[in-house]
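These notes open a run of structures that come right after.
Paired with chain B in one complex and with chain C in the other, chain A is shared by the two complexes that follow.
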Partner chain A sequence: MTDMPLLAVRDLSVSINGAKIVDGLDLTVERSEIHALVGESGCGKSMTALSILGLQPAAAKIGGSVALQGTDVASLSRRAAGKLRRKTMSVIFQEPVAALNPLMKVGDQVAEALIMSTGSDRGRARSAALEVMAHVGISDPDQRYDQYPFELSGGMCQRISIAAALISRPQLLIADEPTTALDVTIQAAILDLMKALRRETGMGMVLITHDMGVVADMADRVSVMYAGRIVETGPLHEVFARPTHPYTSLLLSTIPRLVGPRKTELRTIAGTVPDIGRWPDGCRFRTRCPLADAACGALPPLVAHDASVAHLAACWHTDRLEALA
Partner chain B sequence: MTAALAPPQDEAQSELQALKRAARARRVRFLSRAWPLLAILSALVLAALFAPWIAPNDPLRQNLMGRLQAPGSEVRGVLYLLGSDELGRDLLSRVIHGARVSLLVAISSVLLSGVVGTTLGMIAGYLRGWPERIIMRLTDVFLSIPAILLAIIAVAVLGPGLVNVVLVLALTRWPRYARVAYAQTLALSNAPYVRLSRFMGGGTVHILLRHILPNIMGALIVVATLEFGLMVLFEASLSFLGLGVQPPTPSWGAMLAAGRDYVATAWWISVFPGFCLFLLVLAMNLLGDLLRDHFDPRLR
Partner chain C sequence: MNDALLSVTDLRVHYPVTDRAGNRRLLKAVDGVSFDIGRGRTLALVGESGCGKSTMGYGILGLAPITSGKVVYDGQDLGTLSTAARRALLAREMQIVFQDPAAALNPKMTIAESICEPMRIRGVDAAEQDRRLRRVMDLVGLSTVQAPRLPSQVSGGQRQRVVIARALSLDPKLIVCDEPVSALDVSIRSQVLNILMELQAELGLSYLFISHDLSVVRHIADEVIVMYLGRVMEQGPTDPVFDTPTHPYTEALLSAIPLPDPVAQRARKRIVLQGEIPSPLAAPEGCPFVTRCPISTARCVTERPAFTSSSRGTAFACHERAPS
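And then the complex of A and B:
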C-alpha cells in the first residue's frame, strides 16, 4: 500500500450531454506532495476535482479510473467507494463563506464532519473540533464555536472550512481555488497554514488554481490544463524554468514583471477558451497558438521532450518554442 | 495536533461588530413597522383563545323578542353592544366566537398545505429525475384549476364541515409551497456545504432537514403569511356559500351571508364580521410584506 500513490487518476473523462468537459486526464499525487492543477476558467479543473470526489452532477458520464492508494473506486460498490473516499480525502471549496451552512454554528459544522466520517459522539466531536480549530489558527475557539458564518470574516470562514476538512485526518486534500476569494494578506496566511499542515501531517494535496503565483509558492508538481486536457505536466521548477508547451509558455509570460523596462504593455493570450465540449479537432490550443500549422490537426500525445522523464508536454512544435519569446 | 500553527489572528473584529449592529438595526426596523399588525393579530388570537370568557353572552342563545336590534340597544336587561342578528343572538359574542373558526381553519390548512407542499417541493428540487417530473407537473395541473372552484367541488363531494374544509383547502393550496420550496432547493442543492455533506455520506433526509429546510424557511414563512389571509377568505367564502362550517356555529363568512338579507335594515349583521375579516387579512398580508422585506438579502 505504501508504495502506491495516494491518488492515481488514469484517462479520466467526464462528459455531460455528449459534451466532453474533461478528456483523457492523468493525475498522480504522492504522499505529502502538492500537485497543482492550473488553467483558465472553463477548462475542466473543477469538474476534475468533483469527479475525483464522486460529486459530479448526476448527468455526468465518467470514464477512466480513479485509484486511491491503489484501490480503483470504480471496482467498489457505491457505498464502499464513498467510504473509501471519505476515509482518504477531504475537500475545501472556493467560496469560504458559501462553503458553510449560514444557519449552523461554525463549530458544529467542524464537529459534524467528524461525526459523519467516524460516527464519533457529540461531546468528543466538540472537543476534537475545538482542538483542530485552534490548530488552524482560530483564536479563542471556545467563543468562535458558537458563532455563525456571517459573524466571521472570509479568512476565518476559510480556516473553519480547513478545520472541517482536517478533522477526519485525511491523507489527501482536494483544494478547489482555496484562496481565490480572499484578499492577498489572508491568502498568504492560508497558504502558509496549508504548507505547514502538509509538512506536519504528510498530507498530499491537489491544489486547483488559476493563480501562477500560488502555484510557484505551493506546488511540487504542476499540471497545466487547457480545454479539458492536460497540456503540460512536470516538477514545478522544470515547468516554470523551461516550459515545453506554448500555452504554458504564454501563460507564464502574461505575468507582469517587477523588474525590467517599465510601461510595457501587459501580455495576453489572444482569443478565449473555446466553448466547453466544442473543442477544435487535433491540438485544442491551435486556434490561439502562434505556432500552429497543418501538423496540429492531429492530437499531440503527452510525451517527454527533455532529459526529465517526469516533464511531459503535448505539442508537436516543442522545438520551435523560442519563436514565442 | 498541539500548538497553533499560525499566530492567533484578530481578523475583522470591527467588521463583526458592524454586522451585529446591522442585524440588530434590522430587527428594530422590522418591529417598529410591524407592531400595529402584531397588536391586531394578537388581539384576534386572544379573542379566539378566550372566547367563552370574553364574550358577554352565549353566541347561540336566541331571543326572538330581541331580533335585529341596533348596536347599543338593550332588551330585557341584555345589552347588545354590536346589535343582534335575525334570531336575536348577540352579535358581539358571535363575532368573538367566529374568530375561532377563522383562525383554526386558516392555521391548520396553512400548516397542512405547507408541510405537504414543502416536502414535495424539496424532494422534487433535490432528487430531480422522475420525482421532479411527476411532482412539478402535478403542481402545474393544480395551479391551472381555479382554487376556489376546486374547493367548492371537493367540499360538495366530501360534504361540509370544519375538518373537510381544512382538508380541501390544504389539497388546493399545497402547490404554492411546492413551487417555492422547489425553486429554493434547486438553488441550494449545489451549494458547497450541501456538496460537502453529500461527500461526507449525508443521506437525502439528513441534507434536506439539516441543510436545506432551515435555509429556505424564510421564503416559506412569507408564503405562509400571505396564504393565511387567503385561507381566511376561502373559509369565509365556503361558509358564505353554505359549504363551510354549519350553523349554528358562528363563522364570519356565514354571518355575512345571513346578514345579506337584512343589509338594508340591519347593516350591523354583515358589517362587523366583514370588518373583522378585513382586519385579519389585511394585518396578515402586511405582515407578509414586512417579513419578505426582512428576509430579502438584497434589502439588508
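And then the complex of A and C:
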C-alpha cells in the first residue's frame, strides 16, 4: 500500500459526442509531490482533473484507469468509488466565488465538506471548520463563519475553498488554476500557504495552470499538455533547463520576462490552438511546429530522449531542437 | 513637456455612492494622478484590482466623469472646449482596445462591418472605407479572406486583431489598451504584443497601456505608473522602476510575480503582504498602502506622503523611503 503512488492515471481518454478531448494520458502523483499539468485553453487539462474526481459531464465517455493508492476506482461500485474519492481527494477551482454557494454561510460550507466526507456530526464539524479556517489564514474565524461569500474578497473566498478542501485531510489535492483569478500579491500568499500545507501534511497535489511562473515556483514534476495529449513530462528543473518538445521550448521562449532585453520582437508560435477535438492527424502540434515534416504524420510516442528515464517527450525531431533557437 | 501628446495634471474621478449602512460616501477611484505621454511612446498603468487604472483610462476617453484635474491634448486644454467639440476631438484622436475581444465585438456583425463601423458613423464614403479596411487588416496581419466572417468563426487572437484594426480605422494618435492580452492564450499573447509594437513603430502611435501583468508591461512600456487604491505609489521610466524600485508596494508587487525559471524563482525571497486590499470606500487617510506595508510607521496612518524624486529619475510617495 505505501509504495503505491497516491494517484496513478493510465491511458486516460475522455470523449464527448465523438470529440476526443483527452487522449492516452498517463499521470502519477507520489506522496508530498506537486505535479503540475500545464497547457493552454482547450488542451484538456481541466477535463483531466474532472475525470480524476469523477465529476466529468454526463455525456463524457471515459477510457483508461484511475487508481488511488493502488485501487482502481473502476473496479469499485459507483458508491464505493465515490466514497474512496471523497475520502482521498479534494479540489479547489479557479473561481472561488463561483465555487461557493452564495446562499450558505461560508463556515457551514467548510463544515459540510467534513460531514460529506466522514459523516462527522455538526458540532464537531463546526469546531474543525473554525480550526482549519484559522490555519489557512482567515482572521477572526468565529466572526467570518457566519458571513456569506459576497461579504468576502476573492482572496478570502479562495481561502474558504482551500479550508473546505483541507478539512477532510485529503491525501491528494486537485487544484485547478487556484490563483488565476486572484491579484498577484494575494496569489503570492495563497501559493505560500499551499506549499506550507504540503510540507505539514505530506499531501500530494495535481496543480493545473497555464502560468509557467506558478509551475516554476511550485512544482516537483511538470507535464505539458497540447491538444488533449501530454507532449512532455519530467522533473521540473530538467524540463525548464532542457525542454525537449518544440512546443515546450517555444512556449517558454515566448513569455515576456522581468529580466533581459525589452521592446524586442517576442518569439511567437505560428497559428492558433486547434479547435477542441478537431486535432490534426499524427503529431498534433505539427500544424504550428517549425520542425514539422512528413515523419510527423505519424503520432510520436512519449519516450525518453536523454539519460533521465523520467524525462519524456513525444516528438520525432528532438535531435533538431537547436534549429528552433 | 510641450512635446507631450497628452498631459494630465492632478486628475480625480470621484463617485458619490451609498454604502450598505445607507450613508453617502465618496469613492475616490482616481485621486490625483499626473503624467505626460509623448508621441510614439507607451505609458503603462499597473496595479491590482480596484486601483483605478481602468477608470483612469476611461476618464481620459470621456467614458468616466472627471471630477477635477486638467487634461491637455496636443496643446489643447480639453476643459476649455464645448462638450461637442471635446467629443469630436476624442473620437477622432483616441481609441480603445478592450480586454475581451469576444465581448468587444458584435457577434452578428462581420469582421468587415465591425472594422468599418467607426468610419460609417463618421460619414467616411464607401470607397474610402474599403481602402482603409484593407489597410488596417493588412497592418494587423488579417487576411481579407476573413472580412466576411463572423467573430465566432475566427480564433481569440484573431478577434483581438479585429478589435485593434477597428481602433486603427480612424487613424487615431492615442490608443488606450485596457488589458489587451490578458484574455489571450500564452502562445497568442506574444503575437498581439508584437503587432502593437510594430504599429507603434510604423504609425507613431502613443499607448496608454493598462495591465496587471508586470512582465508584459516591462517589455512594452517606456514609462510606468504603479497605482494603489486610486493613488500613485511610484512612477517613472520603466528600467529604474523595475530594476531599482523605491516604493515598498512596487517592491512587493515585483517580488510576488513568480518567474518562469525555477532556479531564479526559488533563489529569491518573496515579500508576502499581510491582509487584503482595503475597499476603495475604506481607503486609509494617510498612505493608502499603510494597512499592508511592511515598513509603515504611525506617521503613515495620518499623513499622506508627498511625491519625492529619486536620483534614478522616478518619483514615489513614501515617508520612510524619502531622504530625511
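Just so it is clear, the second predicted complex is superposed on the first by the 325 of 325 C-alpha atoms of A that agree within 3 Å, B and C clash if a C-alpha of one lies under 4 Å from a C-alpha of the other, contacts with A are read in each partner's own complex, and residues count from 1 in each chain.
Quick note on the criterion: contacts are C-beta pairs under 8 Å (C-beta built on N, C-alpha and C of every residue); 3 or more make two chains touch, one makes a residue touch a chain.
Everything numeric here is computed off the predicted structure, so don't read it as measured data.
By the touch criterion defined above, A:189 reaches both chain B and chain C. In the superposed model, A:132 makes contact with chain B only, not with chain C. By the touch criterion stated above, A:117 is placed in contact with chain B alone, chain C being left untouched. Touch criterion not met for A:56: it reaches neither chain B nor chain C. After overlaying the two complexes on the shared chain, residue contacts for A:100 are found with chain B alone; chain C is out of touch. Of the two partner chains placed by superposition, A:249 touches none, neither chain B nor chain C. By the touch criterion defined above, A:171 lies against neither chain B nor chain C after alignment on the C-alpha atoms of chain A. In the superposed pair of complexes, A:153 makes contact with chain B and with chain C alike.
Touch criterion met: A:210 reaches chain C, while chain B stays clear of it. Common to the chain B-facing and chain C-facing surfaces of chain A are residues 153, 155-156, 186, 189, 192.
Chain C meets chain A in the complex at residues 48-49, 155-158, 185-191, 193-194, 197, 212, 214-216, 218-220, 238-239, 242, 252-266, 270-273, 276-277, 292. Contacts from chain B toward chain A in the complex involve residues 1-2, 4-12, 15-16, 19-20, 128-129, 191-193, 195-202, 210-211, 214-215. Contacts from chain A toward chain C in the complex involve residues 40-41, 153-156, 183-189, 191-192, 210-218, 236-237, 240-241, 250-252, 254-259, 262-269, 272-273.
The residues of chain A lying in touch with chain B in their complex are 50, 53-55, 58, 82-83, 85-86, 91, 93-95, 98-104, 109, 112-113, 116-117, 131-132, 134-140, 150-153, 155-156, 164, 186, 189, 192-193, 196-197, 200.
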